[in-house]
Amino acid sequence: MIFEANLGQERYLVEIAREGEVYNIKIKDKEYVADVRKIGEALYSLLINNHSYDVEIRSNRYSHSVVLREGCFQVDVYSQREGRMGVSGAPLEMLGKVDVCSPMPGRVVKILKEVDEQVREGEGVIVVEAMKMENELRSPKEGRVLEIRVAEGKAVNAGEVLVVVE
Amino acid sequence: MFKKVLVANRGEIAIRVMRACREMGMGTVAVYSEADRQALHLRFADEAYLIGPPPSAESYLRTDKIIEVAKSSGAQAIHPGYGFLAENPKFPLACQEAGLVFIGPSAESIRLIGSKLTSRRMMTEAGVPVVPGTCEGVGSLEQLGDIASKVGFPLMLKAATGGGGKGLRLVHGEEELASAYRATRSESQSSFGDDTIYVEKYLDCPRHIEFQVLADQHGNCIHLGERECSIQRRHQKIIEESPSPMMTPELRKKMGEMAIRAARAVCYYSAGTVEFLVDGNGDFYFLEMNTRLQVEHPVTELVTGIDLVKAQLLIAEGKPLPWKQEDIHQRGAAIECRIYAEDPDNNFLPSPGKILGLTIPAGPGIRDDGGIYEGYEVPIYYDPLLSKLVAWGSDRQEAVQRIRRALQEYKIVGIKTNLPFLRKILEHKAFIKGEIDTHFINRHITAGTMEEVPAALREVAVIAAAIHAYEREINRTQQPARSSQQKISRWKEAGRQAFLHQNR
Amino acid sequence: MFKKVLVANRGEIAIRVMRACREMGMGTVAVYSEADRQALHLRFADEAYLIGPPPSAESYLRTDKIIEVAKSSGAQAIHPGYGFLAENPKFPLACQEAGLVFIGPSAESIRLIGSKLTSRRMMTEAGVPVVPGTCEGVGSLEQLGDIASKVGFPLMLKAATGGGGKGLRLVHGEEELASAYRATRSESQSSFGDDTIYVEKYLDCPRHIEFQVLADQHGNCIHLGERECSIQRRHQKIIEESPSPMMTPELRKKMGEMAIRAARAVCYYSAGTVEFLVDGNGDFYFLEMNTRLQVEHPVTELVTGIDLVKAQLLIAEGKPLPWKQEDIHQRGAAIECRIYAEDPDNNFLPSPGKILGLTIPAGPGIRDDGGIYEGYEVPIYYDPLLSKLVAWGSDRQEAVQRIRRALQEYKIVGIKTNLPFLRKILEHKAFIKGEIDTHFINRHITAGTMEEVPAALREVAVIAAAIHAYEREINRTQQPARSSQQKISRWKEAGRQAFLHQNR
Amino acid sequence: MIFEANLGQERYLVEIAREGEVYNIKIKDKEYVADVRKIGEALYSLLINNHSYDVEIRSNRYSHSVVLREGCFQVDVYSQREGRMGVSGAPLEMLGKVDVCSPMPGRVVKILKEVDEQVREGEGVIVVEAMKMENELRSPKEGRVLEIRVAEGKAVNAGEVLVVVE
């Protein structure tokens, strides 16, 4: 099976075949043999060409979060079919409306922008308090505030859409 | 000796205090909020009492309820930990009225130190050098102008009753003075209910060096050497060490004497910390005193061999200090990293949630003071400190090597933490050389944790993700045919669990 | 400096060694048997190679395969840990032939020390007191009679090539001599392939005191003080401490000098241990020397501040010792408990199986050197040592208090361990007073762990069990009506899981 | 619901009623309130009259193994009905044949008795090696060796019957 993977700016083609407990992998013309065991919730022991890695993997659709001893990597993986269909590449949603969501449960302390106000990329739009910290959430793109869905003082859940920028 | 001690706190510090109590044969009483029924400090204690809803104002800050629990459970003393009620002078008074011992300094010492202007005055009178500036509130903008021309720019405007990085402003030049004056006063009023502000000279790239003191109720006072806490992010310490890599025996002696003088000036007893800023010339200035156990107290414990919580308990019992200054010896070096539930790749946003997997480092020279366990859900209501990882080594180099090794072993699965950010600091050449000051992070460390990773490691990440995707793909196409009799490979099981997880 | 080190071992000691390598910036190579694919030492290493089926004779004892892996992986040196190949003189020779560095003493030192008669002779020549007895093999029963009348009863018959508690017999009087002579020779022949035996005086209730030595390849040799290992069960050490509660500075100096003399007598280098028996008069006798890292090395590390594995690495690299005798200082006290997978309530039978839950103690003064994790299945093929819990305190009392506290925190769910047995020893008055010798356990501790528990605690156990039974009962009667939509209480879920567990 | 529980030589009558998350318990005329949370596999946090216990519980039919910080307790619990039917009390099997089982997987090193040989209570009948240790398994009662089901050198599983004593 062939996959397309993106890590940062780099794009990889990965070919995988499994024989029993062992995976044969081709990537950039190099070949790897991987032996994989599940060690705990989202935790795996990988032996890749006899190199040992304890890896935490968590996925959400294409997006894989991979934690190694040396750091955390965001890898997007698409099956060849999906890859050809152009799912990969620049996130589509950046082109139209973008939601500013609360990444954690908390309470809205301050709304910094009004509807119709212009925002720059990276500019703060709303402040949410969680774990005794005030956290400024920023607009991921330049645009105009289309909608504000919450009020100051309101409790919000993780993933809740707070502001929409167009 | 106390038979039973109530710990009016939660998280790692509550457990730290209970460990000391248990070792001394004292019973332990926990208090907990509705959000903390499954918290480790409750599980750790001998007894536990519910004191209110999740917000701290309705639970961990409720002096009345906590004292009620202490009395009904038969506790004789209350340890406040740090934060919450630890530096509120009303709390020791309330304890006293209820016939309970407060494990900490007197209410009067806390009050004197809590007012920044008062303490600046008292320190100046005692001959302790303070950061140049005013010891009186600034009365008007005109007066501020006069002061500014004497102190010089850049300078700091600070709330007299402030703390925790709030109510302060850096002023670079005359043109910023008026707006900063208004803003600081207004923030000070709204945050602390008092608009008194004062001026301090701004020290460029100082080092934050603090001295641990221990004083008993019989007039004995010693210091236990310094801690360097220059590695800060947004005025928040994240890495601390002892001894400081810039310290000399002569300077230690001088600063230690000043720390003792500062403690004596407010008739201090219990464990306390005198914080100084040290500039590039080795000149040092009193910044403030913390009238409680510090988060970073373990580095001092590892280097001196003295258990500070047990010392607090002894002092609170009225016993004399069992050590004289000449009994205190620093041995080797210790470094602490604070492990927070926050996402360094996303502007350090807090990251509460369930801890699905937890591997705590261990082995030679490693101490972990934690408050979490596998399966624990980190609540949204409290400080994001999960644990403190501390390493001891025979010298600073070994301590650094050990904490780096331990940071690699630390695995917290399920929530984001600052572990990758800490690793990055610990691997920086300037840190390894001990070339640090309070601007270290701004100068040297970018938040993102992905760059500069060897290509081979990136490929490993890609391979791991691709295998994960492969199994999900296989799993998905075979799903209709699946039956319970089918033997499922370990990985498939993994894939399915991950799948269930995202759909939850 | 070595760039890459192969660790020819498994379990906690493999991890201990790898931690030192990693701190020093050396790559680590693990070897593993088919039973150990999920073992922690494999997960911990940078590289890992399969060397054979589960039985150690086919994997961890396969010199040829291990050396092959070392060469193909590019490792420059091999650390043997303890056990397995650590004291086999053929292994360092094989390493040498393959151009690899053996991290340990020379083959010749191991060989000399490995033969008990040779080492008794050499020690006697070097002026080190040995346990009274013979330094030659006993040629006949007649000769044995002559020797016995000189040495006196009770006496020990020992196999000259013996070890590990095999091939030895206690003889109380003349009437037992003939049968013990025959039995020991025959056991010695069948266990070690050599029927040479010798005689040692039996010391009544001695203390087991050993000295840690460090020697380099340039003729420097120092000692790092003593460890007391008198708490033994069936000749197996289970609790060790440093310093010994019976030690005086004078005796330490005398024994330390003898330990160095013993090491020098066999041209020893690397870390080694000289074991002595000490009788009630304070007279001490050389028992044997262990030419490897000891299981109990951490107590010395905590007290002296020296990392013994790093010292071994330095010595193996040919570097001179960085310390002189006067640089070695003992600080405070340390105690180690060995945590075994065995059932103290059932004759200490081994208890392999899956670890379902694991809470490792932490906090001030606690070090855990472990080889397990939650979810790990302890295999049946190897030594039952799971972990070593070590506590440091500013004095023995604090070390005891801390390890007792830590033993209470330790939770290993799913398999039986000796934790309750260890707690029992640590709570015994005679232990707390330091009144210990090698017969301590037989004299003071009964195996069962249930007696003497307060009635209130028994009621807690009864309540917990009854609630568990209640939920299973409720669950069982409601089972037909259950549907996936129904909200299931946490406890019910628990009950069901327990139910599933027993039917597995 | 009423249960009968045995711990060592002691017998307890336990009455339990649940209200929400809280259990009301009567035992020996004393009343307790217990709040219970599952913390992990077989691990529970109990608050009994505000005393905090971390408890590991594992059950096998009547038999409950309860681990507290202070030690491990074997508690047999019977519902009232079972209790009345005389299931509790002296183990029935002690009266007839008894199996000597291997408590762990291992390998038979030595068989110490022959068929028809007399054995005393507590006398060793067979030696099984596991985890590098030789373990003597003992007869739980006085009697006669009726059957030997394994041979020296054989690998055995946990729970496997090795010898039968009558």
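Labels for the chains are A, B, C and D, by order of writing; each one numbers its residues from 1.
Just so it is clear, contacts are C-beta pairs under 8 Å (C-beta built on N, C-alpha and C of every residue); 3 or more make two chains touch, one makes a residue touch a chain.
In this text, all values refer to a predicted model and were calculated from it rather than measured experimentally.
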Which chains sit in contact with both members of the pair chain A and chain C? B
Quick check for the class: compute each chain's Cα centroid; which one is farthest from the centroid of chain C? A
Rounded Å distance between chain C and chain D, as computed from the means of their C-alpha atoms: 30
Indicate the whole-number Å distance between the mean C-alpha point of chain B and the mean C-alpha point of chain C. 38
What's the distance between the Cα centroids of chain A and chain D, rounded to whole Å? 50
Per-residue overlap in chain C, given as positions that touch at least 2 other chains: 373-374, 408
Chain A residues counted as touching two or more neighbouring chains: 37, 40, 51, 54
Output every touching chain pair, sorted by label. A-B, A-C, B-C, B-D, C-D
Which of the residues in chain B come into contact with chain D in the complex? 30, 37-38, 42-49, 73, 373-375
Footprint of chain C on chain D - complex, ascending: 1, 3, 5, 7-8, 10, 12, 14, 16, 18, 21, 23, 25, 27-28, 30, 32, 34, 36-38, 40-44, 46, 48, 51, 53-61, 64, 66-75, 77, 79, 103-106, 130-133, 135-138, 158
Where on chain B does chain A make contact in their complex? 341-343, 345-353, 356-357, 380-384, 408-409, 411, 413-414, 420, 423, 449-450, 453, 457-470, 472-474, 489-491, 493-494, 497-498, 501-502
Could you please specify the touching residues of chain D with respect to chain B in the complex? 35, 37, 39-40, 45, 47, 50-52, 54
Chain C-touching residues of chain B, taken from the complex the two chains share: 15-16, 19-20, 22-25, 298, 301, 305-307, 331-332, 359-360, 362-370, 373-374, 394, 398, 401-402, 404-405, 408
